[in-house]
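In the two assemblies presented below, chain A is common to both, partnered first by chain B and then by chain C.
Let's look at the complex of A and B:
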């Protein structure tokens, strides 16, 4: 049905568009503008054209920050999405008392990320932290590490914290989706002799594919947006081994007062996230068409 | 141990410190301005906003008293104190406040490149008229303003001069092990060996945020390469690729090889490093003069003292001190400049100077003369004042990007992931 007055839809959309413009579009355009200048955040700026972008191309640390965040995303896909899926499978099988498991596993999601980071900084503390103390008490002194101070373990350590927090979040998403899977399918499989393991992986998981895809998308885009854990636990260190684009960006803009270069970083990061999102949407559409054809 | 001493030369010391920090300005005393702050404060209504990094509970209490006293003396005026976490204030805190709608009228700042940056941004008012015959005259020796003087304008109302780094040591542990605080590099390494053998961590530092060991090792490097080379490299007039920097970084490696520093140095924050010292796990802790009040609060039983950085084999002045002058800037954009000046005058009158001293902060004001100071604080002030060579910390005296690169380079050597050659080459490539 077409509206009598063609401008009415725009009228209804106007508040949302205004908020979007104010909160997203204008800052994005401003950041794009800043990326072409050299500016400390104070006083006059100097127009430098695409120099900031040229410099980014040869900035090894910026490239490393993307490698680090890709590693982090890969790790969290396992530690958050996969573990969340397994936990959802476990609590969906064991019905009695699963509420307590759900609450316990979801609780970290409700904690502010900074609180989580401070808490885990004590856990990882090499001198009086929980993990090293546990190893020492078990006579496993050789297992102790400077978890956040060793380039080989720091990124893993942060990924584990991220997994501890968000596996519960994904568990709830997947658990909700699993509740929608018709019980008859599982019953039929059970009658055919399938065990719970087989039912979960061959029937339930394929049935919640949409939820899984959303989970992966959230994990990937959320990975690019990660900041607070990194900032509090390592601040990009040691030796840039946990430097990700957001921590590098904040350091560049707010510590080194290089607003122009930091804005160029922000634009590149935004472009990468958009491209990843688009690729994901394309892949999803391609998969759906493939399923329909099949 | 005698902890209190009457410091009758404190004024001269502070004046000399400021003189040395700026390497210029003639000494002189202004005229008395007793009561002038009251006449200068207008009766207009308004809110005077004051921002600073958190100076600790004791000093916050004094600042709150200053605010209350100012409000009582100036009906209609309200003082809004904003104490921001130190690290936050130094990075995003102050820029955010200054560019916000309710920007501070008065804010804490370090002398050096940061002050120049505020001046360039139009956030630093010239307080010369208040100093020369106004409400701020006669409170400090003229030389105290020299570090905050840019283009002939006084931009910084001086408050304190901090020694950025000395080597604090646990007297009881040293007595137990039977060693003396090191005064030379060789003694330093021998001290590390003795402490390691006794089961102590020789030195603890928390360098996660890079400045803690960065400043200490910056000072060490300046002793090796010489103050001129240190200054010119950080100011980007010469290269970190010069061979003396490899030599300087080599001493850091030597220290690491001898297990002088805690393994966790680059993984823990500065307060965690301090805790290792407070708890007696580490025998030495390189950090600034602010440790005195901190340790008295958190480890009242700790028996501690300090020595300056041991003399290094190198071209620098081996008695140099790393330090910085801090104070308060009146925002050029403020509409309450007169009130801000009167507030700062009140904060530095004899009554409040005495209270700041009780709170373990020693203002540079002339009225601090004859005050009873903690013996260590007094000695630190004397050291700063008597030193012929003051080295500026990288992050307050130089470009922040260069300072950041320098800190990362020394952290890499400290953590054993870069050789001195690699660190110097990488630093040169990044900065040059």
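Let's look at the complex of A and C:
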């Protein structure tokens, strides 16, 4: 449609574009610029070219933070996406009163992550926490740990909290996808004697592939950006065993006042997230083309 | 004959099998629901216990059901102030997002104009970019402009972060409306603004509700920027306020549990009341 006056559409779009440019685009370009300087946040800066990036290449802690976040992502793919899928399967078979199950399983998603983190710091508390108390009551005293204070268990402990929160989120996404699956196929399989287990895994799960792919993408890209749980529960410790790129770069910029180096980290992290996203979109397009041909 | 006799028997066996399967499903769901809900219930119950009681037996029920501790936590924890700050920040964010995004969506979906593709592309960059790609310079900018430590330090970035997805979704909703509607209005002499106000907005209501819900939840729960941009305790929102409270009263566990419960209960009530809209908002917000 043609507008009354040629400038009208710009007027409609202007507020959104102005706010977005001011608060996202300009800072994005500036952060990219920061990554080539050395600056403490105040006073003058010095241009250092690609030195920050060169330093990152040999920064063992930065490399470790990526390994940690990859571990976390792998763990949450199981604890969030896979568990979420299983829960969605159970919920979709449950007749009628599934609302209360959904409320219980989804409630953690609604809470601010800080609330979740403080609560779970109590659940993991070595003195009165639920986990250790449960092991003690079962006579498994040797299983008790300082879960968040032990480098061997801290990253696992955080991944479990993440699963507790987000499996409900993925459950909801997969559940609404499962409801769109037409019933005929499962019905005829049922008449042929297939049980619900087979029907779920061989018919329903393949037909919600789209939702599953989106779920995996969200889990991976969201995992790289995780911050709240890590910051409140361990802030990278003990001995950097839960250090991830986001906690590391926040500390580099806002505690150590090394803005340039932190910006370089931010740029690398951004590049990784965008590349993962684009590769994923490519793969999906490629798979869909393959399906069309087949 | 044998067939008609066999059928009910088979049917009975099948029915029995289905009942067992259904029972198993309900049982495992019940177990899962209990496991998921247990930390929350434990939190609510522990809030009514003293430190000694918490340490003596973490699973025990409180000796007295004295709910006055909730009032104490509310006052000592300054939760009223934090909740008010969160409410102001969230509502300002949502109102501006809805106004700006619906305007932009109206322009993108209904008009042909030069530069449309570029402008849409710029805005949809926001769907891809993680917060980490811009918040370092954003914080330096806000410092330089004296925005840090004001309410705007959170409202402005929350709006900017919410706009791309909001605009994208509203554009999709608006595209689905029939062209005839707008052409008929144009014939009647309606101006562009009249069409936006009297046709697009009323018909967009379901989409607007969805966008409002996920924008509100995001703003209410956001933590990183709130932590970095607002140090003034009088302006802190619930996430950062609660964190400050928990580091001030590190060892008063009963009080902390009570504070966590106060923040948690309304969110669960809201979910139960608006469960359908929230699920829609969250799935629309994620499956972009």
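As a working rule, the second predicted complex is superposed on the first by the 273 of 294 C-alpha atoms of A that agree within 3 Å, B and C clash if a C-alpha of one lies under 4 Å from a C-alpha of the other, contacts with A are read in each partner's own complex, and residues count from 1 in each chain.
Definition applied: a contact is a pair of C-beta atoms (placed from the backbone, for glycine too) under 8 Å apart; a residue touches a chain by one contact, two chains touch by 3 or more.
Treat the numbers as computed from the prediction; the structure is a model and nothing was measured.
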{"item": "Which of chain B and chain C A:258 touches, first, second, both or neither", "value": "first"}
{"item": "Of chain B and chain C, the chain that contacts the larger number of chain A residues", "value": "C"}
{"item": "First (chain B), second (chain C), both or neither touched by A:237", "value": "first"}
{"item": "Partner chain in contact with A:127 - chain B first, chain C second, else both or neither", "value": "both"}
{"item": "Touched partner set for A:275, first chain B, second chain C, both or neither", "value": "neither"}
{"item": "Which superposed partner A:41 touches (first chain B, second chain C, both, neither)", "value": "both"}
{"item": "Chain B versus chain C as contact partner of A:172, first or second or both or neither", "value": "second"}
{"item": "First (chain B), second (chain C), both or neither touched by A:185", "value": "neither"}
{"item": "Contacts of A:149 with chain B and chain C, given as first, second, both or neither", "value": "first"}
{"item": "Residues of chain A at both interfaces, chain B in one complex, chain C in the other", "value": "41, 127, 250, 254"}
{"item": "Contact set on chain A toward chain B in their complex", "value": "40-43, 125-127, 146-151, 234-235, 237-240, 250-251, 254-258"}
{"item": "Residues of chain A that touch chain C when the two form their complex", "value": "1-6, 8-10, 12-13, 15-17, 19-31, 33-34, 41, 87, 90-91, 93-95, 98-115, 118-120, 122-123, 127-130, 133, 137, 164, 168-169, 172-173, 176, 195-196, 211, 214, 218, 221, 224-225, 227-228, 231-232, 245-246, 249-250, 253-254, 259, 262-263, 266-267, 269-270, 273-274, 277"}
{"item": "Chain B residues within the chain A interface of the complex", "value": "91-92, 95, 98-99, 117-118, 120-123, 208-210, 262-268, 272, 276, 281, 400-401, 404, 408, 411-412, 415, 417-418"}
{"item": "Sites on chain C touched by chain A in the complex", "value": "21-22, 25-26, 28-30, 32-34, 36-40, 42-43, 46, 54-55, 57-59, 96, 99-101, 103-104, 106-108, 110-113, 116, 119, 122-123, 125-126, 128-141, 143, 156-157, 159-161, 163-164, 167, 179, 182-183, 186, 191-192, 196, 217, 220-221, 223-224, 227-228, 238-240, 242-243, 246, 253, 256-257, 260, 263-264, 267-268, 270-272, 275, 278-279, 282-283, 286-287"}
